[in-house]
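In the two assemblies presented below, subunit A is common to both, partnered first by subunit B and then by subunit C.
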Partner chain A sequence: MRIERSMLADLARGAAFLGSGGGGDPYYSLLLAEAAIKRCDAFELLPLSEISDSALVAPCGWIGAPTVSVEKLPNGREAVAGLRRLETIMGRKIDAVLPIEIGGGNGLAPLIAAAELGVPVLDCDGMGRAFPESQMTIFNIRNLSACPSVLTASCGSLAVIETDDNLTHERIARSLSVALGGIAHLVEYPLTGAQAKANAIPGSVSAAFSAGAAIRNAHANSEDLFEALTQALRDTGLYPYSFTLFDGKIVDLERETRGGFSIGKVIIDGFGGQDRMEIEFQNENLIARRNGNVCAMTPDLITVMDRETADTITTEKLKYGQRVKVIGAAAPAMLREENALEFVGPVAFGLGLNYTPIEKLNARAPA
Partner chain B sequence: MRIGVDVGGTNTDAVLIDGSQVLASFKKPTSENISAGVSSAIEAVLNRAGVAPSAVSAVMIGTTHFTNALVERSRLDEIGIIRLASPSGEALPPFTGWPSDLTGQIGKHFFLLPGGYEFDGSEISAFDEDKVRDAARAFRKRGITSIAVSSAFAPINEAMEKRAAKIIREEIPNAVISLSHEIGRLGLIERENGVILNAALATLASHVMTSFEYALEQRGLNARLFISQNDGTLISAMHASRFPVMTIGSGPTNSMRGAAFLTDIRDGIVMDVGGTTCDIGVLVNGMPRESSVAVDIGGVRTNIRMPDVLAIGLGGGTRIHFNPDKNLANGSTLRGLRIGPDSVGYRIMQESFLFGGDTLTASDIAVASGHAIFGDPSLVPALSTEAQTAIWSRIQAILEDGVDRMKTTAGDTTIIAVGGANFLIDDTIKGAAEVLRPAHASVANAVGAAIAQVGAQIDKIIDYEKTPRDVAQANLRKSALAQCAASGACENIEIVDVEEVFLSYLPGRTAQIRIKAVGDLADVSSTTIHSSERAIAKVTRAH
Partner chain C sequence: MRIERSMLADLARGAAFLGSGGGGDPYYSLLLAEAAIKRCDAFELLPLSEISDSALVAPCGWIGAPTVSVEKLPNGREAVAGLRRLETIMGRKIDAVLPIEIGGGNGLAPLIAAAELGVPVLDCDGMGRAFPESQMTIFNIRNLSACPSVLTASCGSLAVIETDDNLTHERIARSLSVALGGIAHLVEYPLTGAQAKANAIPGSVSAAFSAGAAIRNAHANSEDLFEALTQALRDTGLYPYSFTLFDGKIVDLERETRGGFSIGKVIIDGFGGQDRMEIEFQNENLIARRNGNVCAMTPDLITVMDRETADTITTEKLKYGQRVKVIGAAAPAMLREENALEFVGPVAFGLGLNYTPIEKLNARAPA
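Our next item is the complex of A and B:
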């Protein structure tokens, strides 16, 4: 599939939804991708099944604080510098890149690298949504190594990280990103084509496209935006259940920073004045309760959206008084496997309860 | 006494206010020659009240000049911008994503130079004096005198932008220089976009302010001239000529502030119905609620503070698409009924049936159905009661939907109906606990300009591990109050808003704090509403 300039806004919109409240605002990533596509024409999106087993594929994305990333902008050479260094280390050319996480700005990040290197973007990613830390990627869950990994910053600094332990890798990368100004580009979990096929979340880039396009088309045809979005998500097969969890107004918001994370709780009251939804977040939305009863939890997606425009409202943009719809979606099946839940399920975030799939929690909601 | 003037796209409104009393008001279509219009509006209110020009101590003007210039792409300067952030940000140079008809007017002259700061205040790269000087010379060679400077994390540290300004001034003594930290908040691209727009308005702003001053002089006024800003506070004309972009949302803000003043309501919804649109805004503690999203100005994304206003295409001149002949005969009254969004606007006095024209407008319906009295009702085509009721309720439904979209709490709220066509809002509109129509409602915007206060705003990133939270906040409050006093406030100076946003993914406890202070101008403290309810911080005026 060719990705034309006109399609980028769809990808950004869809990626924002898949961020589940995190991943940052993809606006700057969108501008960057538009600039890159102007220089390099169109991008090639390659289905995961079409990459050769022996290929070298490189997941990449940005690590750091979204609040810093709007001020300290990339110089455009970070991704290529990191990927070139990985090629030197591996002694061979990179055949394709993929987003480490599809959710938020990182969903568009590899487009620029792909354009510069002239390689395709693989239609897959490492998270199927957004998560706060690098070890929450499916590649770590499936015991693949994050290293060798290359971190680059706009000042031209470059660091190669070598460690056997993926948690240590996350810690090193995180501190380096802070030392380099709060935001850096990371090429990590280099994979063979075979490993990518066996482990990456397939079809998530095109799923983001369809989600974004569905909203755009519904706007154009004055149709129900959320019907269109949830239908498009279900149609992808990757997010087999999706529906509106709540409709209301934000009436309270608490947040604090703990351990570098933005942690908090948002309360939304229904327009009838009877129902209430409470969502806890740690960068991403983690758990939603309707009238005290859990109705969705990580790794399933919980995204708060503007109820008029269907623009995603990330957790840092939540504000008292916003009129919103909360959309839930089942996470890709790979994230719901038992060993995956250790890393991305409710226990991983200290929520103290067992994972129940969103479709079970909302048995009466439309599939 | 003060005179407030609001120059809108359709009408120029003026009021003369003494203390909290409106002595005279005036409304007429905005003229081609805006300063002549302002001058005659001032003359009119003085004459109506029988007040001598010497009794007026201050004139406050809100104007739509700058918005129009940006939207129409006219009267804009060619500008040059220097960004201090390299090597960071080179992938997104200035003007990325701008509409080409706008860059066609103002050019695309930029330099990406070393400089800027990291989030912790350290330098991204060292300031390069020679490079800045070379850039300034290049602009001078092209004859560019409107110059903008942006720098990474300038809201935390503005030092480099100021150093650049000094060098530019040395090279181009007549330059008008706009610095990003003076315009916007965090978000380099949006802030830089705002500062570029500001620079593009430099020449126009200077002309407009000169013409306002001339208008005052012409009427023999020896009064101070203030311009109202987006947030409802005032700046001096000299200040406004440097920061025109800070005034472009002042129209809706002024009507909301005026509505609050005329009714003594601090929290509620204001609906300002003009000839073409109805602007709906929310009052929180007497001030307009601010928009939390990026604001699009003339197709450019900025983070300039603007009131959160929903504009609906429904006003007194809105066309009612409906064929009375076809619909009356058989009683099937509503076939093809459409309300607007087109409007006859200021031509309502010629084109609506009420005034002898042949276009059916919302005003015709309001008068025909007994909701307003003006014009000549006998000229409106005879409509069945069913048709009138149906059209009227369709109009109400549009307005009700707008109210619902702006409300932040369940339950009914107070609605203040202002603007020349406020009669379009029915007393029984859904969502309203009550509909207030204060005296002088049709010139609420000019009232809002006249009673405006001066203010100051501070936006900083603080690491609470370096400076304890209470100490940091106390310091910022102090400097906000001091800045407010320095801008001319002398009484009832108070902090009206504190916002704190923690920055995630960074070590420690780093937060972005925004503090806003407002205060009354010297001779108008009597206009303060509910001053006893406020925590009053007295600050002695510096001069």
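Our next item is the complex of A and C:
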């Protein structure tokens, strides 16, 4: 599939939703992708099944607190510098790139690199959404190594990281991102084509396109934006349940940038004045409680959206007074397997409860 | 010069003194050096003038809080792993190693690497003592680049760092050392032989030998340990003034491990009960005040020693009740040049006063 310039806004909109509040607002990534597409005419999106087994495939994206990304702009060369260094280390050319996470700005980040390298973007990603930590990727869950990885920063600094332990890798990369101003670009989990095919979350880039296009079309046809979005998500097959969890106004917000993350809690009151939703986040929205009862939890998606425009409000953009709808969606099945939940379920975030799928928690809601 | 096993204790003792309280207690480095010398029979100490201009010379040592080094032991392969990686990056063999700082355990650290690589240790170092931060080396003062550098940790993790800015390099390496448990090995400021000859502090390794041997001989001959030490230092020519600044008992100590450093203040009361010395430190002793008057400041050396044994008490080993002598020594002239003081003088540590040489501050003391 060719990705034309006119399609980039759909991808940005869809990726923002799939970020579950994180991955960074895609606005700057969209601007960079629009600039990049002028140079290469169109990006190529390659179905995961079409990559050759022996190919070198490079997942990439940004690491850091989304709050920082709003103020500290990239120099635009970070991704290419990191990918070129990976080529030097591996002694061969990269054949394709993919987003380490489809969610937020990171869903678009590899486009710029793809344009520079002249390689396709694979229609897949490493998280099926966005997660705050590097080891929360399906590639770690499936025991692949994050290393060698290459971290680059807007000041031109570069670090090659090698470690056997993917959690140590996260700690190293996180501390580097903090030392280098709070955000950095990371090329990690270099894969063969065969490893990508066996482990990446397939079709997530085109799912983001579908979600974004559905909202655009609903705008154009004055249809219900959230109906269109949730229907489109269900139609992808990757996010088989999706529905509106809450409708209301943000009445309280706690948020701090700590340890390289945006951490906090948002409280949304229903317009009737009786219902209340509370969402905890660490870059991404992790758990939603409606009137004290859990109604969605990681790895299922919880996204706060502007109730008039269906624009996603990432956690760093939450503000008192915003009128919002909260949309939930079932995570891709690969993230719900028992060994995956160890890394991306509620236990991984210290939430102290077992995972219950969103469709069970909302059995009476429309599916 | 051949360094035999019997000489290692002298080097450890002398390097401990030159650490000015920092560089880490040399005890573990001594054990590692003794183990290494069994494999290679003897180390070779090469005068700086004898290295060829085109040689590849690698300064190395440990970065982190000395307080951590007491509890977290190295695996013994960190230096070799880092140096071998530098060879891969540079595409050639390393011809010689040198201590990035002669002070403390770091004065011995390159011996182990030299034994493994089969190369000599150059009789020089990058600081003429120990300093807490990487950019405080003469190589940064003289505008040489810290990169490519290689950081290795006891868990086997490795990071290659590339940045144009040596202060950013310090920030990156420091945050990595914190992320990897508080201490890591760093190969940095790779030099040509010509660059080493023009910039390194010459003769500092043999100066450490002399200082250590002087104390050992004084012990054997029941002579005054501190007379012997200060005379030996003056005789090196590198530390032209040296004398006892204070004699007393530690009556108070504040010390915390913060931002990857050991930071604090020690108070020593004279035995007469009237005089008091206060020393502030950041890994190394930075400034000494006698009865409120500054009597020594960085980059001049201030070392607290056991008054019975003349064993150096590094800042992480300071304890209430220790009976000590405080010995001062003039820093090598290269560190007292105006542009050097920007990086290693009192202003560099935010001490808010201009540098005055120790011999001027103690004009009435015996030189």
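Criterion: the second predicted complex is superposed on the first by the 360 of 367 C-alpha atoms of A that agree within 3 Å, B and C clash if a C-alpha of one lies under 4 Å from a C-alpha of the other, contacts with A are read in each partner's own complex, and residues count from 1 in each chain.
Quick note on the criterion: a residue touches a chain if its C-beta (ideal position, glycine included) is under 8 Å from a C-beta of that chain, and two chains touch if they have at least 3 such contacts.
Values in this document were obtained by computation on a predicted structure and should not be read as measured data.
Of the two partner chains placed by superposition, only subunit C is touched by A:159; subunit B is not.
Taking subunit B and subunit C in turn and counting the residues of subunit A each one touches, the greater count comes from B.
When the two complexes are overlaid on their common chain A, residue A:256 makes contact with subunit B while staying clear of subunit C. By the touch criterion defined above, A:90 lies against neither subunit B nor subunit C after alignment on the C-alpha atoms of chain A.
Contact with both subunit B and subunit C is seen for A:178 once the two complexes are overlaid on the shared chain. After overlaying the two complexes on the shared chain, residue contacts for A:353 are found with neither subunit B nor subunit C. In the overlay built on the shared chain, the residue A:168 is in contact with subunit C alone; subunit B does not reach it. In the superposition on chain A, the residues of subunit A contacting both subunit B and subunit C are 155-156, 174, 178. On subunit A, the positions that touch subunit B within their shared complex are 27-28, 31-32, 34-35, 64-68, 70-77, 112, 154-156, 174, 178, 181-182, 249, 251, 255-257, 260-262, 269, 271-273, 283, 308, 316-317, 319-323.
Contacts from subunit C toward subunit A in the complex involve residues 155-165, 168-169, 171-172, 174-176, 178-180.
Of all residues in subunit B, only 85-92, 96-97, 116, 118-120, 124-125, 152-153, 186-190, 289, 292, 294, 301, 405, 407-411, 501-507, 509-512 touch subunit A in the complex they form.
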